[in-house]
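First chain A sits with chain B, and in the next complex the same chain sits with chain C.
Right, the complex of A and B next:
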């Protein structure tokens, strides 16, 4: 659903998406700390594997996006994680496409990066239960934001998609709930077992 | 700089070595059954595309018919005459898939021309003295009928095979999955190695 294939979007949309992705990746890789690399790889591998499996709903199917979870743990380092996983999915399975790689990266990673940054201080300070609730909200918002960005990408490419894009938003509602619950339980687990993971500036320093 | 160039070269090599996207998330399976295009739309990773828009076009891209898949993701359409048919399914949210059935696949539907072509052969056989009675009584119309029946029977027999093949091709394989994860671990290792080298060089 967030993997837009080749040939669907118009050229201006995927070119702009590609340029934005290059800029975000450059910025993100410059700021990347060595000690974050294994973390980025683990979450990238999780996203790569989990988002391959989809549940059919109506004319479409949904799969987990993990934007919220990755944003909370990685912050801006979410970009290389999503990019590497999407590149491999496109090359190995034809999920998404190579021309749309940039825009797909942006659609999934931007909400994660921004909302992750916004929620991270609060999650780091909060108790386990509160952190789980905050993480649930954060990831549900990420799903909505990704859905809106995908809908916008489609609507900008062709007005024909505008109507169906609205219908698509409805399929994001169950995903919001599922993803929220999963992220909430992951974060509450991490908060108990390895709380320093959620405050990256303190990690290992 | 050298490592960066090497990484870039490796990436380019990786991209060149892979085929252009083999599959999309949404895929289509179709075969010809008694002159009709029958099939279903499915998602790689599980499930059928229900109530998705499906269009049938001829070779020149003209729409022959536009419909929707049923609750099993299935569709059926009989083209006005045997011809190349391109089938396109679009779930409306950026998932689309396309497949085509060439004219040859439609031969099961015997046309008047086919019966006509078979005519002279049947007559020649009927005229030969060594032929058995059974063959000599065959009229062109019967021959065409037999041909049609055989084609239909073969199509019915191989349909499950084609279907299983399409599903197998559009499956997420465990090996591929592990390969991808291995690749990510490798990339992380390469990144760590590169950053270590940079730090060592800065120190020396």
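Right, the complex of A and C next:
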């Protein structure tokens, strides 16, 4: 849902998105240690595998975005993780776009990175039940933020898209609920089974 | 319109079976630069003639690469999944001269025009990417990216992702099958979300443990954070020809846009 293909956005929008993505990637790759690459990459592969898994909902199916969960677990390494996944998706399946790689990365990773940063200390400290609630809120907010950013990317590209973009936000509501619930239960599982994954010195930090 | 198409057609389409190797023979770097250049240009086009020329160019590439149109069609349908919402909404929501009404819904000429133009550009870009990039092994693509100056850390991450994605997809499929064997089915109830959350969590735990094993194995072999990258073969005549062809097509598209 959040992958805007080539040929939809206007040049200023995808150029600004591209520049922002280059800045974010440079910053987060610099912060990453060479030794952490396999760990971040294998985690990204599992997030990617999960997002490819389709969950049937009524007559259609949805795919998880996982921005909130990735932000909580990967921290700033969410930028290269999402960029690499989108690149692979564009190159392997022709799905998504090349000119829109930057803006798509920003739309998914920025909410994840910021909300992950904000929620992570509280999630790490909280009890299992409270952590699950916090993670639910975090990932639901991430989905909403991504939906808004996608709508804004469309609206800034052409006034003709503005009304459609507003209507498209509604399609994010079911995803928000489902992703929130699944992330909440996933975090409660991880707090019980592998609490160190959420400790201050985990994955991408 | 025929300008762009003619520039693209003869050298690639000539030769039937023999031409199947035309795209195959290209260097990864040529393909990456070519795909980015073409897709970027298509994204900048504004007028119909140039957009249609771009679509013709993309279709020419498909036939030159010897790809089956049926397989490509199936892929396109999948890609259009995202677009359906936008395409259905556009004719009703864009402001313009009304051309038809369905009850409270008004179809505007501008909306329809927008929707058609979107279908053309999106398909032209997707076809270009499908022909130039999806036909190459991701590992070669990784090496080409490194040769074009992508940061080595990112290239490593990309190559690891390529290596472990199929493995983790298999792992996920196995876990889902095991759940189904125990009688799990998707319903709108709490148990379903709890189980799916546990499934996601379990996959993450397993991938972390896998990453630890991989890391240990790599350190045993003296990994210091850098992979030795094989040098790339120098580019050949095929690459030069393709580069010239691409430049020609780009110039034609831009001229077409400029003239109309």
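A few points about this structure:
Going forward, the second predicted complex is superposed on the first by the 179 of 205 C-alpha atoms of A that agree within 3 Å, B and C clash if a C-alpha of one lies under 4 Å from a C-alpha of the other, contacts with A are read in each partner's own complex, and residues count from 1 in each chain.
Throughout what follows, a residue touches a chain if its C-beta (ideal position, glycine included) is under 8 Å from a C-beta of that chain, and two chains touch if they have at least 3 such contacts.
The model shown is predicted, which means the values in this text are computed figures rather than measured ones.
Shared-chain residue A:11: touches chain C; no touch with chain B. When the two complexes are overlaid on their common chain A, residue A:183 makes contact with chain C while staying clear of chain B. Touch criterion met: A:89 reaches chain B, while chain C stays clear of it.
Once the two complexes are overlaid on the shared chain, A:37 sits against chain B and chain C alike. In the superposition on chain A, A:55 makes contact with both chain B and chain C. Of the two partner chains placed around the shared chain by superposition, neither chain B nor chain C is touched by A:102.
In the superposed model, A:69 lies in contact with chain C only, and not with chain B. In the overlay built on the shared chain, the residue A:112 is in contact with neither chain B nor chain C. Legend: residue contacts after superposition of the two complexes on their common chain; A:168 is shown touching both chain B and chain C. Between chain B and chain C, the partner in contact with more residues of chain A is C. Chain A residues 1, 3-9, 34, 37-38, 40-41, 44-45, 48-49, 52-53, 55-56, 84-85, 88, 90-95, 97-98, 154, 161, 163-164, 167-168, 171 lie at the interface with chain B in one structure and with chain C in the other. Of all residues in chain A, those touching chain C in their complex are 1, 3-9, 11, 14, 25-26, 29, 32, 34-35, 37-46, 48-50, 52-53, 55-56, 69, 73, 80-81, 83-85, 87-88, 90-95, 97-99, 154, 158-164, 167-168, 171, 178, 181-190, 193-194, 197.
Of all the residues in chain C, the ones that touch chain A in their complex are 35-36, 39-40, 42-44, 75, 78-79, 82-83, 85-86, 89-90, 93-95, 110-111, 114, 118, 121-122, 124-126, 129-130, 133-134, 136, 138, 141, 151, 153-154, 156-158, 160-162, 164-165, 167-169, 171-172, 176, 186, 193-194, 196-198, 200-208, 210-212, 214-215, 218, 224-226. Listing the residues of chain B that touch chain A in their complex gives 14-15, 18, 20-25, 43-53, 69, 91-96, 172, 176-177, 179-181, 183-185, 187-188, 191-192, 195-196, 199. Of all residues in chain A, only 1, 3-9, 34, 37-38, 40-41, 44-45, 48-49, 52-56, 58-61, 63, 84-85, 88-98, 150, 153-154, 161, 163-165, 167-168, 171 touch chain B in the complex they form.
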